[in-house]
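These are the structures, in structure tokens.
One chain, subunit A, links the two complexes that follow: it is found with subunit B in the first and with subunit C in the second.
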Partner chain A sequence: MKTNNILLKFILAAYLVVFFGYLLGPLVVMSITAFNSPSFPKLTPWECLTFEWFDVLAHDERILNGIENSLIIGIGTVILSVIMGLAGALMLTQIWPKLRATYYTIVIAPILIPGVVLGISTLVFWDRISIMLGMSSGGILHNGIFLTILGQSTFIASYCMLVFIARLQRFDTGLTEAALDLGATQVQAFRKILLPFMKPAIGSAAVLAFLASFENYNTTTFTFGKFPTLTIELAQKVRYGINPSISALAFIIIVLTILGALAHEIYRRRQQLALANGAPVAAVSGGFQLPKIFRGNPAAIILVLLTLGGASTLWFAQSYSPDVCKMDVREQKRLIQEERIKAIREKRQLELQQKQHQGPDVFGGSKSAAPATQSPGKGAFGNVFDPGNLDKSGPGAVKPQEPTKSPGKGAFGDVFAPQNLDKAAPKED
Partner chain B sequence: MTKGVDVDLENVWIRFGDFVAVREANVNIKGGEFFSFLGPSGCGKTTILRSVSGFLEPSEGNVRIGGRDMAGIGPNKRPTALIFQNLALFPLMKIWENITFSMEVKGASKAERRKRADELLDMIALPDQGEKLPSELSGGQKQRVAIARALCAEPDVLLLDEPLSALDLKLRQHMRTELREIQQRVGITFIYITHDQGEALTMSDNVAVMRAGIIDQIGSGHTVYNDPATPFVASFVGENNVFRGKVKSIDGDMALVSTNRTGELLARIATTVQGSLKVGDPAMMFVRPEALNIAPDISSAPNRFAAMVKHEEFEGQIYNVFLEGSEGKEIKMSLVNIGKERQSAEGMNLTLEYVPEQAIVLPAGELASE
Partner chain C sequence: MNVGQLFKDFFAKNGIGLGTFLLVAVLFWVVILIVLPQLSMLDFSFRHHLPPPEMGGPKDTYTIEHYKYLVLGAPGADTSYNVVDLGVFGRTLLAALFVTILDLLLCYPLAYYLGQSRGGGAIRILVLLLIIPYWINEILRAFAFRIIFGESGLINEMMLAMGLISNPVDFIRANVALYAGLGYAYILLMIFPIYNVIESLDRNQIEAARDMGAPWWRIHWRIVIPYAKPGISSGCTMVFMLSAGALAAPQILGGPSSLWFTQIIYQWFNTGGNWPRGAAFAIVLLVTCIIIVLSMMRLFKVKIGDIGK
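Moving on, here comes the complex of A and B:
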């Protein structure tokens, strides 16, 4: 019985680890690569702690431009979607009951239609409209921001509407009637009674709409025109190879999300506490007391700790320079490579000596066909890619004898040997 | 204070599709009167109230307030204020903002509104509660805030839709007196909707008893209780014991009813049917529990009948005695507690008597379902 329990607990714990690992693992890995110095996002080998990718990110014009476009489009989409969603939800409460189900299906349909289709149809539709109105092709109906806002809003408005419907179902229409009875006009009743009631839902809908807009790719990809959003820029970047500045961006987004979630949690807890106590958090007498905002509010504590951590990281980043470490790493690499080169040289030397003992006259200063044919496994290009050649880079100093002794060599010789690249590179400049 | 104005319903019909919610309502409510519509739930009393406050238009007929026809005038333009069954206080507004909402929509300044709110809060005995939210008040306090909010609009007519139904008994009884007091102080017309006959009788100057969209009787509480116009009113307002039968003979305003099982019983003919009730008509005889008494002897008389005691209940000021008569239906008798320990009479056969003038004969008709 007891062992059974422990086993169960163990399985549960293991499951949780796997589950959260699956959920959060990629994010953690991505965040860590933002601080590693290699120029491709890598977790291992860990080389140097660096903040340079944030710097790279901050100077990447395309990313910054993408963020700006995303923000503009996000705000536009929020405004349009919230208004359309609210109108749609209110309509649902007003419409003739028999039509309600049909109406609901129609306004919810955009969620079910693939974003790609919405994107294409937005493009085609507004193009037609623009032609019908006789507008030039540079007009507002061809503007990427305008089209993207419209395209995204077609389905994001439906999301918003769902949020509003949920809230409206809890609305007591008696309140509107009471307002009317007390002399308010319809507009006043809406503005002073219904709108304040909808405020939390408007907030959630706005956040939802903004996030949906910010992360949207498949609709936007058809409509962005000259104004690529962040997602579009990222997708284009990935095609040409990425560097950890994208990890840095991911890290920033993750941190902002966590901060936002914590702030919301704090707010919610405070409200709950206030509700439970019927008044602001009651003071408990005696003993050590946390400041008011923290009492019964772990989210606030975590937030403060995170903020402190963030601040100290920033401070650290100001004073810390990874250059020393990088030099170290480079030095280490160089040393390792030198060791290797040395080892190889010695080996060759040794083999050379053995060869010389066998037939010393065969090898002259100039090229002869004989040794080439004798060297097994040698490619058609002869010694052209001989590392020794690259190494010394002087044609006069060619020593064809050496490579002939290295067995199992491929057609390209040692061209990809790390030490060669290392050495060759500076000389190419 | 504003003087109340008359409210007249003239031949008002209200239909929802095929369903007739209110049938031919003719009511004249005098200015400054406390008028109640009393009826079981679903009888159309709230519908009438909504047609007065302007939330729905009668299908036929006129609603007049202060002599002015209200057709086409919306609820926000009528001189009425409605107190909702659930009170409908605005949950996101503070108490003082709730109370002065009617001033806010007319554009009154904040200082003005605060001042008026303080006056009204004093009036409803809730000073210094203005900064709270409705959710922080108790049921009775919310009730009073709702009244203050309605009064702040300075209506000529105050409409109350079962505003006390959510309160517990003690509070309800307290609020009855308070409402009546407020009404007398402000002097405006109150129209009160209730299914509780106790509320209607204690507070109202006049009561309209409704059944399934029809107004059965309009009159003072006294009239409605002592001289009901229909079997429905007789059985709905207060408690009544019913005996069915036929009119055997009529002598002036008294009639002898030969009941189906209990023999012949003498009773007074209800005022509204005097002259129209004829010998041989199917009739119902009503006698109230408090009109019954234990006869001093067992001799038979037209105001006596026999019954067996089933059980008794002690209610404080009265004993309720439930008896089984030959009608098959339970008979209830209420005896005043005169302070002496009463011997239980359970299982005994008793002869009951009543004063014939306190019993009522009506033509047979629909009873209020229990």
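Moving on, here comes the complex of A and C:
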């Protein structure tokens, strides 16, 4: 029984390692390539530690422009989809029961509809509307930002709605009723009771919406028009020639993500701690008690370590220059290149010698007739077969030199001419 | 109860201002963003491919030429069926199914493990580690797989260095990179629905079964899997739909000889410049995916309300 347990534990551990290796390995590899100097993102061979790709990234106009467009579209999408998602969730609680299932199917469908289809339908629909209204093709209905916000909000609002529904299920409608009984207007009850209750959900829905908008590709690729977002720019870069500045961007995004996740985790820990102690959050998070948050809170420790590591790396990057190392690598590459050329030369020489040996065999037919001509013939060919000659000019240029010097020419005519040789060889085999 | 009464009740409950806001926001979303664009795309897919000035003119009639094209190919082609496009379509669906099964096999054990272990800091960190890759841009994730599986990528270089192979293996052409990348992209959508369901499973049921002497596989087969069915089917539905509709990963990781159906749609819209045909193909993709998902749900007796939980 016990060995069985150990085996099970071992299998579980191995499985976890494989799973998280699959999940995190690619991100780690990609991050590391941002610091390697070859202009194609590679982990091996490791050449030089460099920070130049971050520099390249910071001067990439298209990337910067893409980030700007992504931010504008992201903010628009957040506003639109949070509003629609909230309204959709509230509507679900009030809708006529017979319609409920149909309504839910319709508003949840955008999550399941392929993003490509959403993008296309948005594009087609607004194109037709603008034709119907007789608007020019440069009008707002063809504006990439407008179309992208609408296209993305179609399905991101569904995500938001799911978040709101989850929160609404815990809402006590008695609260609103009490407020109304006490003389509050509908709007007041909504603003003072329901909205504060929904606030955390609104926050997380907004974050979710922004992230979904920021990384969306399938829908945006049909609607972006003249305003490519960061994701579109990245896709174009990745498809048509890549360099490690993309890895650098990925590295930055990964670090930001980890920091965000850790900060969120710390916040949750604090809240739990506060709940457990029966004290408000502020008491636990006070400046004086700051070290307390490290207790039993690995996330905070990791966060601090990461920050320290980041700061020291930045300091190092300021003072570090990869030029010397790069020169070395270049020198090494040159040497390797030279060696390769040398090797190729030798190989050619060898091939040539083999050809030379084959030469007499090819003429096998005329051998008996003129054994004496072999040596003069060879002498004549000696020049032609000179490896240096061939290396420079190739077989094509060899032809004209040869016959003039050949003493055997009289006896054999053009038999020994190399072009004949080429033609004749297959026949005699 | 008539419709007028319904509206009256609605406004009485919410007040004029709030009620109008709710109604306008929901109608805008449902009608203008969801329903009308889909209908307009459906309509558009039955139109001839015309230059803009002729739209709405006498030539702008309904036709099924684009659907015909997908099934039968261009008129006058050598084959009687459009082998290329239909082949791509079938292969896309099969590959999406393959990715879904791969993800399910990979995720179920972890979801079970996470769901059954109660709380704990380590579990929280694991969940955090699960979420982090999902926040990284889809393009960048595909890009990472290209670095790993490329011709001079990590795996090839390592295998070359270890002497396992003498020539680089073309993982891109063999679609290994594509399947790995797609499975990776949607792994979270498989794990969380299953995890959420298993988390609520009463542990006593498992212990009771164990006490009765059931082997571990029967516990899973008879207790855990039936209980987790809504989560499993909702995860599978999402992964299948998203893989079949994926565009970025096939564009970046797909081999030169194997297209994804969405790439064909993309081509009709961009380089091909035939929007109605692209719309028709998109409709085919949408309808097929819906049919497959609905029949899977019917098969496993799961309701649409379970999706997205």
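FYI, the second predicted complex is superposed on the first by the 309 of 429 C-alpha atoms of A that agree within 3 Å, B and C clash if a C-alpha of one lies under 4 Å from a C-alpha of the other, contacts with A are read in each partner's own complex, and residues count from 1 in each chain.
The rule is short, and it goes like this: contacts are C-beta pairs under 8 Å (C-beta built on N, C-alpha and C of every residue); 3 or more make two chains touch, one makes a residue touch a chain.
All figures in this text were calculated on a predicted structure; none of them were measured in a lab.
Per the definitions stated earlier, placing subunit B and subunit C onto a shared subunit A by superposition produces no clash, and the two fit side by side.
Applying the stated contact rule after C-alpha superposition, one finds that A:196 touches subunit B and leaves subunit C untouched. Of the two partner chains placed by the overlay, neither subunit B nor subunit C lies in contact with A:240.
When the shared chain is aligned, subunit B and subunit C each come close enough to touch A:185.
Counting the residues of subunit A that each partner touches, subunit B and subunit C differ, and the larger count belongs to C.
In the superposition on chain A, A:111 makes contact with subunit C only, while subunit B stays out of contact range.
Using the contact criterion defined above for the overlaid structures, shared-chain residue A:175 touches subunit B, although it does not reach subunit C.
Overlay on chain A (Cα): least separation between subunit B and subunit C is 9 Å. Counting contacts as defined above, subunit A residues 185 meet subunit B in one complex and subunit C in the other.
Taken in their complex, subunit A has these residues touching subunit B: 172, 174-175, 177-185, 188, 192-193, 196-197, 278.
For subunit B in complex with subunit A, the touching residues are 53-55, 74-77, 80-82, 84, 86, 88, 90-92, 101-102, 104-106, 136, 149-150, 153.
Those residues of subunit C lying in contact with subunit A across their complex are 6, 10, 13-15, 17-19, 21-22, 25-26, 28-30, 33-38, 40-41, 44, 52, 55-56, 106, 109-110, 113, 121, 124-126, 128-133, 135-148, 152-154, 157-158, 161, 184, 187, 237-238, 241-242, 244-248, 251-252, 262, 265-266, 269, 275, 278-279, 282-283, 285-286, 289-290, 293, 304-305, 307-308.
For subunit A in complex with subunit C, the touching residues are 12, 15-16, 19-20, 22-27, 29-30, 33, 40-45, 83-84, 86-88, 90-91, 94, 96, 101, 103-118, 120-125, 128, 131, 150, 153-154, 157-158, 162, 185-187, 190, 211, 214-215, 217-218, 221-222, 230-231, 234-235, 238-239, 242, 246-247, 249-250, 253-254, 257-258, 260-262, 265, 296, 298-299.
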